[in-house]
Amino acid sequence: MIKRLVVLLLLAGIGAIFMSLLLGYTPDNELNLTARYYAEHTAQDIGAANIVTAIIVTYRGLDTLGEVTVLFLTAAIVGLVLAQGRQQNSQRSQRKLPESGELLQTGSLLLTPLILLLGVYVFVNGHLTPGGGFQGGAILASAILLMLLTDPMRHFSHRLISVLESISGLIFITIGVLGIIYAGGFLDNRILPTGSLGQLFSAGVIPIIYSFIGLKVGAEFSSMLVNLSETEGS
Amino acid sequence: MKEELKKRVIKGPDGFEFEVDPLQDYYCEAPPTVQPAAYQKIVEKIFNWARSESIWILGFGTGCGAIEMRPLMTPRFDAYRFGVQWRPTPRQANLFIISGYLSTKTLKRAIRSYEQMQNPKYVIGLGSCTINGGMYWDSYNTIKRLDDYLPVDLYIAGCMPRPEALLAGFEEMKKIIRAGKAEGGNLYAENFDWYKANQKKVIHDWDMPEHSW
Amino acid sequence: MEFEWIKIPYSLLTLFIVINFGLLLTALIQKIGARVGRRHGIPIYQNYIDLIKNYAIRSSITHGFMFYLGPVFRLSGGVGLLLFVPTIYGSEMFSNLSFAGDLILALYFVFFGALGMALGAGESGHPHAAIGVSRGLSQMTAAELPFALAVFSVALQYQTLSVTDIVAAQQGGVLNWTLFTNPFAVTAAMFSFLGSMMRPPFDVVLAPQEIPIGPPTEYHSSYLALMQTNRVIFPVAKIVIYMNLFFGGAASWPVFFLKVFLIYMVSVFVGVAFPRFRVEQSIRWFLIWAMPLGILAIVLV
Amino acid sequence: MSYIAMTTGFILILIGFYGALTNRNILRMIIAFTVANTGVNLVLVAVGYMRGRTAPILDAAVPVTEAAARIIDPIPQALVLTAIVIGVGVTALMLAFVYKLYATRGSLDISNYTELKW
Amino acid sequence: MVNAIFIIATGLGTAFLLGLLKDEWRTAAYGITLAALALMSWIAASWVAALAWGGAATVDIFTAGTEPPFAINLRMGLPEAVLTLLVNLASLLAAVYLRDTMFKQGRRAMAVLLIFAMALCGIILTRDLFNLFVFFELTVISTGGLILLSRDKRALGAGFKYLIASQVISILLLVGIIFSYHATGTLNIDGMASMSAQLLQGGSLAFFLMFIAIVAELKPFPANGWALDIYESAHPAFSAMLSAAAGSAALFAVDKLLLIGGTQWLPVATAIGIVSFIGANLFALAQNVDRRTLGYSSIAQIGLVLTVLGQRDILGDSYLYIAGGILLAHAISKAGLYWLSGLVEGRELTAWTALRGRPLLIFAFVTFLALLIGLPPFPGFYAKWDLIHTLAAQDRIMLLTLILFGALIEAGYLFRWFGYVIKREQTTERVACTPHKVAVVYGAVIAGWTAAYLWGNLSPHGNLLHTLPLLFALGFLLLEWLPVWIKNTIAIIGLVAWFILGFPDYDPLQLIFAAVILIGGALILLSSYHVQGRRIGFYPSAMLMYAGLAMLITADDSFSFFAAWESLTVGSYFLILRGKHSEPHALSYIIFSLGGAFLILAGFALASQGVMDFQLQALGQVTEPLSAWVFMLLAIGFMTKTAAIGVHIWLPGAHAEAETDVSPMVSGILLKAGLFGLFMLLMNMGKQQLYGIELTHVMLWIGALSALLGNLMAIFQEDAKRLLAYSSIGQMGYALFGLAMMNHLGWLMALMFVINHYIYKSMLFLSVGGIAKRTGTREMYRMGGLITLMPLSFIAVLIGIIAVSGVPPLSGFGGRWIFYNAIMTADHRLPMIIIFLAGPIAFLYLFRLIHTIFLGQLKDEHRRLKEAPFWLILPQMIYVACLLIFAVVPGMALRHVDSYLNQFFPNHGLNWEGLTITSSFGYWSPISIMLVIGTIFATVLAWLLFVNRKAQKVKQFNMVFAAERPYRPETTHYAWNFFAPYRKALGFLTQPLVTRFWEALTDLLHSLAELLRRFYCGNGQTYAIHLLGFVVVVYLLKVGL
């Protein structure tokens, strides 16, 4: 009880901080310097229709690299954690699971390719439309999830997933480094021509990067899901 | 033999073990020797005069007669007039007054004290008991004849003799000293074995060195 | 002041006079004490006889090196103390060996004999000797304090540490004595004097039966004779310092004899009237009664 | 509009905190944190919102020349994506920890994991 | 120059690359990891080289081909380069260290490690706020992964607590970032800094949230429970990285953030830092688990650096030097210590005794501790010096006090630990020595010494590692394999040679001290020949002490003076610690000494008022209200060394428990350092008044009380060496008294005490040491009657005690004579009373010393003892000769000093013409005294020999025993509680009030720590509450109120 009271008091304090933040907040009427720069220069410099994508992949590409790394890390660590657990439990006989229903099986057969396709679409078009590598990757992973739901015993190749993941990551970095050599700096997208705004093959290497990000994210999520499911299965 | 006088094996701080024989290691073993008088007769005469006029008594009351010595310090008798005074330590005393009967237990202490006095040293037997045992002639626990154990220079008879008798005794003692006849210390050294044999006859638990330096 | 060879015979003369005077004085004092007890006491020449007798003892023992040296230290201490202080004021003859050092030398040389004696007594291995030393040293440290304060006060008063100069400053009438010019210092010093004379109430060091006469319990024959000799020199030497510092010194031997006797009598007066203090009692007594006087003397000078 | 979103975001954060700090069940704590994370994301987006403007995608509706006047601030949007992904990563990591904790100790009570203290 | 972005690219790329490898190819994966880390380190190193020596300028690295603030940019400057080098090297070494674990866990773990390193570099390099956040999250997550490397099951729980805290932090950070962005329209740190006015208006809440979140990453006290759990349970290699690398990176982040916050946020950083510093150090006091202790210490050190960051506004150019010095020292030492902890199997502090068999590891341990505490010649020392000086110059006295207080506590538990390691009984724990791990530890040692050298070179005060005496001392580390006699000879030659070299330049005062220290030290070292074997550790410590002393007396400016002071303190601490049971005493010695040293530091700092090259002579120019405080600080500091009453309690144990030949060093020589300091102080500053109180007058009282109580306590000791030690307190009291009299003869007396005390105390300690060595005990009542068995020792002690007690004709009397002449001209009379009382009391303990050891009854077990070893006796006999010579011709040394003192006090000097020494009040003729006493003594002795020629030698039980005989020597030796009457009368004065006071103080600190650390209840949720509480409290204090 006392603990709750203390927590409430503290939260009142934090709330007061938030409150004064809120009270001190005045929405901007026009874009600030940075945003204005992006709005005005993105099309011309980067060639990406989706300014957010341009920011994510190029202007703040280092952040994105970090993001990708976060996922990579998480996947690795989850693998590490769960691998340890599995080693201990590998002796135990595998649990028998009830069959998943026919509806699910049929549905997944039907949906999985569609979902994969959607995922690829989303990340390939990341520089044009809302969406991008992360969203696409997540969609890809959801296909894997569906497959796992259908057949929890299904075996995925860890090796494949990790190679995919690594290669995508390596390519991302390589492109970044190529930016230093052939363009203005690390992760500069202009090693390829920026093309014309709104085209699929435009915005330099953004689509390529985003694709690999998509693959990588998909692989990482999948890896986590697979690891979790295998652990659960044991 | 008492425990503390037995030989024992001791381990030194460095771990080295060795034997300790208390009687040898803690006590001087040399027997008493005869101390000659001064080479010059005249010097010895002067010395004897000085010795006689400065009699320092060992403050050790061995028996009931001790009570007769106290009045000597009082204004009534004032033995200090005669150069007599009491010393608390045998080292500094010249005269040992065996004051009355001497139990064998006390004898042991008396011998020790006597041997620790320096030559020349004198013994006065006070009271009949020191002469022949007196009324305790048949006691199992007192010695009968003091002279068998310590060389007595002078007896003062009586049971007990009064302080006046003691004063007279001192005067007598002075005469003996002046005459150069008070050589009890040397007598003791000469007949050391005889005295020891006598002493050991009555003292059965002889737990001390032969001679207490 | 410079050394001259003639000082040696003069010093020996002083020594001779003081030994004889001391032998008689101590006997006299003992006799006075006896008279208080309505006794006759010892003959006045008894000390001489005792001394000769002790040298005449034929045998002696020794406990070792330091035991042997103890009385030597003791007597050297006494003789040295006497000779480091000018005995007769204004007399070149009897200023002795005071060229070697001033008052401070005398003050610290007091310990020389005490230390040697304590060491010798210690080597006798006798626990009573050690107990006596322990008591003696304990009491001495407390007793020395008021004296040191008084000496400091006097030195401050006359702005010199030279004994001769201090005596010189007291010349010209009784009222010039430190006794009257600086009474607190003198009182403090005299309290201290009581403590250093080994007389009641401060003689528990020598408790004759409890710890048979304390430190010298193992000493005898010629050792004892040396100590007896010291026993007559040392108090006189000490009183000479008191006399010079506080009572105007002495310009001639008769005055010297008189003053020494009178100062000595102070301790006799107290001694015959009071019972013994235990050591811790005497320490407290010195700190409570004598020390404040000394402090007063220092503050007021 | 942005005030509402922002207020909601803050309230979500506080609710999340409250949940995380009072529930002793670790899973509940994690969920509470995701609630709080959501609140943060909401606040992020709300800061970038500008009344009457459109998404920062250049197309026919928003020509390049008018972009500065028509679009909302794109940066918070970029940031929120990163924040979300990081949130996901941390949540996944926490879940993995929970799994491991439960496997070794069989408890989901946070107050049972106090063997390290002082 | 390789683009710095490649550090990040390499780290990440390799991490991704590892995924391509088969899980089984672990060697390959490991090789790649090492190569990558090596490459990253090399890049960083090349930048360090270029920026520091190559004259390259700071480089901004743009990404995305766009200029900031529109794209993320990185910056590579000198601090960044150094820190990335630190991070990468630490990671590289950690990777080497983790070899086995890495092989076991596979490539994923290696990838996580790489990313951790990369992310830390990212934190350091990036100039973008949100990017900073991303890298922070990366470190958080990789931390979560690396915690799992530990074999400790508890690590899991710790990791989870950490994640909870990180969640809270990241939420706050994000909210802060976005609102800051909103306020300034940029995410670039420099951009934001230039707009900070805009940001900070209106409560600056956004900045507050960011700031507090980043600060929370530093694990500030008290919101840091989770961090400690990690430190305790994680793999030591990871803890090393977390403490060294992650801590440094996070600090740099705070530094960047403070650029935005500007000066008004500096006090907040300062406050948080100092609270962490003191709080964590305090808690560490009550710790007995090694890694947790190190964890507390990490928090404390980071708190200290945070405090320094908070002083940015006043530090100016030296900001990087100071912060960097402390940070680097912390990082290297903490990493090294954690790595070491991996070698030790037990987790108790005492389990580290396992290191004892390995001198090199002990050396490593010492290096790390010294780095951590900031002892010379390590960077922390230079940094602390500059920091304290700047603080004092800017009147931040409170902060200065707190920093020194915290540092003292820290030194306390670290030295206590060292004491455990050296002295505690060895447990069964072993050292797991695998070569690669040991190599890593040595790597840290080398790094530490390199840093020491670099910082010395950068220091405006000159490099301590360039000073010859220190190098000589350190050189002995290389000679440790030689046998004692060779080393001893080298040491003696070194001391004498240094004396001869310096001889022409010493003034008389320095000459006396130099003679005592160098020649005297060589003399004492003669006794060291009696030791067989190699005696590892002795010579470096002893020579360090001598080096410090030698440098002290020739020091001109405050820095070299203080450096020398610290050297001698530390050297002597190691020396003292060598004694068998000296652990607690050595500890109290070092704590008091460091406490004193800190006071001295504060004093110099106050005096210099920011002047870099502060000459000691300039102390005289310090102006009025300040000068008294300076005087007081310095005086108390020096008096700690001379063990004046009140701060004396370290001395008895330290001197008594030290080894036989160490006791004379620390007593005869080391104490003189304090006296020299006081000489220096009084010479330069003279009399000072504080609130109308004459400070020298206070010193006079302290000296008198020290003399009295030291002597009084000495007489009640049963332990011979303790007795001598207390006697030293008394003797130093005399010397202090003499100095404080502030007149010619007082100083002369103090100088005489310097010489005399050296001679007789060294001699007595050597004899007593020799006896204790032979008898196997130091308790005097267990000895007795040794005079015939050890006659030479007896003669030494006899001469010694005559000299100490001041009885003519030996040299002690000279001291007393000068003393009396001195007090005649002194201004104050009352303290004299105490001194007068003290004098005779000295006599008591001295007598007891000689009596109970040499006289009285010889014990059974001592009957076969031999005289002390030749090499112990030889110096004693030399001392006897010296005492005799000095007694006869004191003028040899003193007349020069006397005339030297004329420049300070022209009046009341002594006249040394002819044989008689005269003052304005009295005279003294040493030769005459010696002759007269000798003649009288010889005459009397001859007479006694004549009349007593036939004396029968008897044995020890042949004595008058009330007609009985003694029973056993033990019961016949009157020795125990020798001065019982004194105890009855004055024992109340020796009540250990001072000891009780200090004990109560330390108990208070300990129980406070014990009580308060309950606060870390182990519950992750509660920790989160702490964190929020911390945020709210700081908010209320800074913003709200």
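Just so it is clear, A, B, C, D and E label the chains in written order, and each chain counts residues from 1 on its own.
Everything below uses one rule, namely that a contact is a pair of C-beta atoms (placed from the backbone, for glycine too) under 8 Å apart; a residue touches a chain by one contact, two chains touch by 3 or more.
None of the values given here were measured: they were computed from a predicted structure.
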Query - Chains in simultaneous contact with chain D and chain E - result: A
Report task. Could you name all chains that are in contact with chain A and with chain C at the same time? Result -> E
Query raised in the report: So which has more C-beta pairs touching, B-C or A-E?
Result: A-E
Requested in this report: Taking CA centroids for every chain, report which one is farthest away from chain A.
Outcome: B
Report summary line: chain B and chain C have mean C-alpha positions lying a whole-number Å distance apart equal to 35
Query raised in the report: With chain centres defined as C-alpha means, what is the inter-centre distance between chain A and chain D in Å?
Result: 15
Query raised in the report: Counting in whole Å, what is the centre-to-centre distance of chain A and chain B, each centre being its mean C-alpha position?
Result: 117
Query raised in the report: chain C to chain E: how many Å between their CA centres?
Result: 53
Query raised in the report: For chain E, which residues are shared contacts with two or more other chains?
Result: 130, 134, 137, 141, 144-145, 148, 175, 179, 182, 187, 950, 952-954, 956-958, 960, 1025, 1028
Query - Residues of chain D whose C-beta touches two or more other chains - result: 13, 17, 21, 47, 75, 79, 82, 86, 89-90, 93, 97, 100
**Report entry** Overlap residues in chain A, where contacts from two or more other chains coincide
**Finding:** 3, 7, 10-11, 14, 18, 21, 25, 28, 32, 34-35, 38, 60, 63, 66-67, 70, 73-74, 77, 81, 84
Query - Every chain pair in contact, whichever chains are involved - result: A-D, A-E, B-C, B-E, C-E, D-E
Report summary line: Touching chain A in the complex, chain E uses residues 3, 5-6, 8-9, 12-13, 15-20, 22, 61-66, 69-72, 105-106, 108-109, 111-112, 115, 118-119, 122, 126, 128, 130-131, 134-135, 137-138, 141-142, 144-145, 148, 175, 179, 182, 184-187, 202-203, 205-206, 208-209, 1025, 1028-1029, 1031-1032, 1035-1036, 1040
Query raised in the report: For the complex, which residues does chain E have touching chain C?
Result: 785, 787-788, 791, 798, 801-802, 805-808, 813, 816-817, 820-821, 823-824, 829-830, 832-833, 836-837, 839-841, 843-844, 847, 850-851, 854-857, 916, 919, 921-925, 928-929, 932-933, 936-937, 940-941, 943-944, 947-948, 950-954, 956-962, 972-975, 978-982, 984-986
Query raised in the report: Of all residues in chain C, which touch chain E in the complex?
Result: 1, 3, 55, 58-66, 68-69, 71-73, 75-76, 79-80, 83-84, 97, 99-105, 108-109, 111-112, 115, 118-119, 122-128, 130-131, 133-135, 137-138, 140-142, 144-145, 148-149, 152, 155-156, 159-162, 212, 217-218, 221-223, 225-226, 278-281, 283-284, 287, 291, 294-295, 298-299
Requested in this report: Please name which positions on chain B make contact with chain C in the complex.
Outcome: 35-38, 46-47, 50-51, 53-54, 59, 74-75, 78, 80-81, 83, 85, 87-89, 91-92, 94, 118-120, 185, 213
Query raised in the report: Mind pulling up the chain E residues that touch chain B in the complex?
Result: 774-777, 860-865, 950, 952-958, 960, 963-969
